[in-house]
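Input: one structure, supplied below.
Per-chain residue numbering starts at 1, and chain names A, B, C, D, E and F are given in the order in which the chains are listed.
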Amino acid sequence: MSIEKINARNQFKGKISTIIEGPVVSEIDVETPAGIVTSVITTRSVKDLELKIGTEVVALVKATEVSLAKLL
Amino acid sequence: MSIEKINARNQFKGKISTIIEGPVVSEIDVETPAGIVTSVITTRSVKDLELKIGTEVVALVKATEVSLAKLL
Amino acid sequence: MSIEKINARNQFKGKISTIIEGPVVSEIDVETPAGIVTSVITTRSVKDLELKIGTEVVALVKATEVSLAKLL
Amino acid sequence: MSIEKINARNQFKGKISTIIEGPVVSEIDVETPAGIVTSVITTRSVKDLELKIGTEVVALVKATEVSLAKLL
Amino acid sequence: MSIEKINARNQFKGKISTIIEGPVVSEIDVETPAGIVTSVITTRSVKDLELKIGTEVVALVKATEVSLAKLL
Amino acid sequence: MSIEKINARNQFKGKISTIIEGPVVSEIDVETPAGIVTSVITTRSVKDLELKIGTEVVALVKATEVSLAKLL
């Protein structure tokens, strides 16, 4: 199944730089022009997607999941 | 209450460039070095934080909220 | 940007049957073999994706967003 | 505490078919008429709810957590 | 469908004190012993659950949705 | 970076009473006047924030993440 377009307003393209694999979930760092974006997904998805150091991915975030804070 | 540090691994500093205000929730675009980051928060929070075009904010995303997709 | 595969473990293919449009967010019903799946996304995304009654879409849910309850 | 009704618009009834237990979180597959629905919850909740292969549960998803993608 | 128990680790019982109704989503304040807990749910759910000022409800939050911050 | 104010409508101040550390994510109980609030965050954040039993923190929840249920 190939997806043409997704509603996630926030999309950061980059390359995987770190994978910390756990028994159920894994933490993945993606190096993007915006800096490192970190994602926690299931370890089964890491395997299904065959994610490795260097794989090109896009990190996606729904707008409703983004919090805003004011700086001092 | 001032916060020293928060666990959200993904933090994007920037300036508010657009506010679309609705009766319950509002959509806010933040111009960051990583491009536009969009957030939907309650309109009450927009008022409590006194968010306006130009306000400096940080957009925060928990790592568990970030999805990853592989490109064609 | 075309996506090959996404980590969301839960994917429900279907056709849009209802769109309730609000000023900031919209509610969309997708008719799937599993019944109606309901999504709330930004109204801007509804327009960007050109979603209409009948559009074929896939509803995606991260496994970390799924709660479980035991029945009486 | 018994709950009469919950706001989650998306509810999938089924039986647990797989449990991958980790030290903090566990991944649970629920076999529903809609196919497999996968959930990640705390291992403490797995124990509190006494979830086992075959337990009847309902998988719940808030509409704000559902993303939509258009197919190619 | 009556639910016996749900995995959400964080449950706050209380009475609804405010409802701000929008066309798609509504904001609801629940007065709990822990203070006001605020929820944004679909307006359709507000109607389905027949929520009104004074209705007794329980506010539920998955542990993966809770962020932690350190104070100055 | 010090944060002045954040949009999360639900904020519970308290002291950490339990930490269950996993390889990727950890579960943290915070003792608040409202009772125990439980959070799952990355183990890297636990270390970055130097969270320990007794550390004073504030647990934050976006209003869009709060579900409501009606009691029997």
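Please note the rule applied: a contact is a pair of C-beta atoms (placed from the backbone, for glycine too) under 8 Å apart; a residue touches a chain by one contact, two chains touch by 3 or more.
Which protein is which chain? UniProt says A, B, C, D, E, F = Transporter.
A quick note: this is a predicted structure, and the numbers were derived from the prediction, not measured.
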Chains touching both subunit C (Transporter) and subunit D (Transporter)
A, E
Please decide if copies subunit B (Transporter) and subunit E (Transporter) contact each other with the same set of residue positions, more than half shared, or with different positions, and reply same or different.
different
Greatest Cα-centre separation from subunit B (Transporter) belongs to chain D
Let me have the rounded angstrom distance from the C-alpha centre of subunit B (Transporter) over to the C-alpha centre of subunit C (Transporter), please.
22
Roughly how far is subunit C (Transporter) from subunit F (Transporter), centre to centre by C-alpha average, rounded to an integer in Å?
29
For subunit D (Transporter), residues contacting two or more additional chains
1-9, 13, 22-25, 27, 38, 40-42, 44-45, 49, 58, 60, 62-65, 67-72
One finds touching chains in the pairs A-B, A-C, A-D, A-F, B-C, B-E, B-F, C-D, C-E, D-E, D-F, E-F
Looking at the complex, which residues from subunit D (Transporter) come into contact with subunit A (Transporter)?
20-27, 38, 40, 64-65, 67-72
Complex contacts: residues of subunit E (Transporter) adjacent to subunit F (Transporter)
2-3, 6, 8-10, 12-13, 27-28, 30, 32-35, 37-41, 45, 49, 51, 55-72
Could you list, by residue number, the parts of subunit D (Transporter) that touch subunit E (Transporter) in their complex?
1-7, 9, 11, 13, 25, 40-42, 44-46, 48-49, 58, 60, 62-64
